[in-house]
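Please read the structure below before turning to the comments.
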Amino acid sequence: MKKIAITKLNDLYAAIAQNQSLLLPIKRAGQTNFGIWTEDAEVDLQTLKTVKSAKDAFFPQSENLYTCYKDGKKISIAPEKLQEESFVVFGMKGCDVRGAMVLDKVFLANPVDNYYAARREHGIIVSLACSQPEESCFCKAFGIDCAEPEGDVVTWLTADYLYWKPVTEKGEALTAQVADLLEDADDKAVSEQKAAIAATVEKLPYANISLEGWNGDALKEKFDSPLWEQLYKPCLACGTCTFVCPTCQCYDIKDYDTGNGIQRYRCWDSCMYSDFTMMAHGNNRNSQMQRFRQRFMHKLVYFPANNDGMYSCVGCGRCVDKCPSHLNILKVIKAFGKEGK
Amino acid sequence: MSVNEEFRPKIVAFCCNWCSYAGADLAGSSRLAYPADVKIIRVPCSCRVNPMFILRAFEKGADGVILCGCHPGDCHYSTGNYYTRRRMTMLFSMLDFIGVENGRTRVEWVSAAEGVKFSTTMNDFVAKIRSLGKNVRLGDLRCKD
Amino acid sequence: MQGLKARALELLNDGTVSRVLGWKIGENTYDPEPAFFETAEAMEQFVYNNFCAANLSKYMIEASKLEGKTLVCLKPCDSYSFNQLLAEHRIDREKAYIIGVGCKGKLSIEKVKQSGLKGILSVTDTDPLKVETLYGDAEVAYKDAMLDRCHVCKGKEHVVYDELYGESEDTSDADRFEQVRAIEAMSPEEKFAFFQAELSKCIRCNACRNVCPACSCRKCVFDSNKFDSAQKANVDSFEEKMFHIIRAFHVAGRCTDCGECSRVCPQGIPLHLFNRKFIKDINALYGEYQAGADVDAKGPLTSFTTEDAEPGVVSQGGIV
């Protein structure tokens, strides 16, 4: 266990940024999101949840895949370069780290997504324990310990110090880079914080929400339930829930005409949108009820069916906080719970 | 030699079919010069021009956009250009509000008989855009290479 | 609230209306969701409190297509949106039974959180708000927890209703155009930097568009797959500006300034500034106009006078 005084955090960021780019929660125009650290960036470790998750670090909202150029009658294709340099994502919470593992199941399974794989290979995760979990958090329901998250390095923030514990080889290597700044520490403060967090988590209203009945076997019964018809009604069909989610992984591929060529890019898509998975024959989900159902069925039924029971929800609660109509996965789970199944 | 003299702006001119496009024709047949930087797009009426056309032109690399139509009261469709006038006033004010240099957009009424006005307007507008320099605030970075 | 619920139930039971459009009780005081109620049993979950901020008028587009009348609860400012939709023939007045509900300014849980409170377990909708959190209890003054739009309240009068329930209050205590003026006074560089910082947060979730009662197109131009910039792509370069300018332009002259766009934005972008800029310009050039105040009024951008100002006015000192 190592530690560094919080007054020296800027030196730590600078030291990390010397060798690789550093992403961390930055407050800009009043909101905190992950961004690249610069000298004058306003780092914000106090806000528990960034508006968008750290998903962008590995799977950006919009990324170029390749560009076609036309020169006379010749067409050349230039693929986008894959991530080759290492980078650090600092301050990911337990839910976000698990979110990346959910994405791994999708993008690292055959056929491997090269763009994502390269970023995962070169990304070093420095996670941060949640010293003050909030009411919409329910990561415990998915077996996540926000007091000691996964990651290459785990850190804890107390009033005076940032405690630093390398976990993996990548984490050790990063620790070696900044060893001059770190001092040795015992884990007294950390275990105190962990105990306090555990006590708080028990008081969270949804930490122990029951997921009973949500699994790959429940497909038909859940799919045909008349409850969806009632639940979806206030849904505005915006994409807020999907875009703030650390595990939503659907994307669309489009072409952009730059005037000199064509850029083929992909961008996050949302199952809430009317043109989601639009095909030549039309759309296979043509009502908002079906789109709404898709999101929750995917997270709680289809995904576990294909991934040994792993849910593609990590309980970060962002959708709970951000839905304009106050709809959310908790209300869905509870509504089905009341039915007794 | 200053940078601005080297800079050849891209100018899009939307011209209505009935007055301004004919005005441009007259400028041509009267051998009145205006810079080749101006690319004319003919539209049936100035009110055909959707604000999106203007933003799209900037996005794809235009440095200035000018919209020419019949003089108010002379619209081939009676009232089209009155709507244009309100719409463009609103749009230009909004562009100014978000920090786009005003002067990159202009509306000018040019009749079919005003070849001279067409030519002087275009000369003047190109000079203005040259003084403002390249459009960086409304361009799409992807269109830059 | 009990009286309103009883009245709605009465109208539902006697067949005057086939359904009630109101708010359903959430997990907590602060998260009521818009809902349709069709049975007396469902009505048990009906709620109306000071956190019921959502403007329900847009749901009437869908409700107008259903059999029978829909009872809709509208706050004074929502009634302007309803009227505007009526003027545009998007909803059917005959299909609506409007209860104009009282409003004393609506609260936002975001505002409560902005006061620094974390881990909110319960909150009252009283003055002051009593907030119970995981990390201690606190109080927040009602005014401080009120939505921004309520500080520039349009007044306590409903412009359309069948009956009224409850008292309203004019909660305005700020100048509606103050922020717009502050931005107008900036240099082009400052203006650009301000909007760049705000708009680059946009995640293209389209919540602003989907919640907007004026955005009632069946298919949005930004949803067209023939349009070469996907509405979903978040691109730092230009797309956000394009989207927000065009969206504001499309609702210019029709926007009632209900403030839903800014309320729902997950990134807290002050989207209402675009709409207010248009409203301010329209007022200055074409005469005071409040969309939705009068169903028969001609919209400022769908009418003209022969004496209108030329677009050049913008570069000649701006619109004052």
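First chain written, first letter: the chains are A, B and C, and each begins at residue 1.
Operating definition for what follows: contacts are C-beta pairs under 8 Å (C-beta built on N, C-alpha and C of every residue); 3 or more make two chains touch, one makes a residue touch a chain.
None of these values were measured; they are calculated from a predicted model.
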item	value
Chain whose Cα centroid lies nearest the overall Cα centroid	C
A-C compared against A-B, more contacting pairs	A-C
Inter-centroid spacing, chain C versus chain B (mean Cα positions, whole Å)	36
Between chain A and chain C, centroid-to-centroid distance (C-alpha), Å	30
Inter-centroid spacing, chain B versus chain A (mean Cα positions, whole Å)	46
Numbers and ranges of chain B residues touching at least 2 other chains	140, 142
Residue numbers of chain C (touch at least two other chains)	235
Shared-contact residues (touching 2 or more other chains) in chain A	256
In the complex, chain C residues that touch chain B	180, 183-184, 186, 188-195, 221, 235-239, 241-242, 245-246, 248-249, 252, 274, 277-278, 281-282, 285-286, 300-302, 304-306, 308-315, 318-319
Interface residues, chain B side, partner chain C - complex	51-52, 55-56, 59, 72-73, 79, 82-83, 85-103, 105-107, 137-142
Residues on chain A engaged by chain B in the complex (per definition of touch)	256, 258-260, 263
Touch list for chain C against partner chain A, complex	24, 26-27, 31-36, 54, 59, 118-121, 133-135, 197-198, 200-201, 203-207, 209-211, 223, 225, 228-230, 232-235, 263-264, 266-269
Interface residues, chain A side, partner chain C - complex	28-31, 33, 48, 51-52, 61-62, 132-135, 200, 203-205, 233-234, 236-240, 242-244, 252, 254-257, 265, 267-270, 273-275, 278, 322, 324-327, 330-331, 334
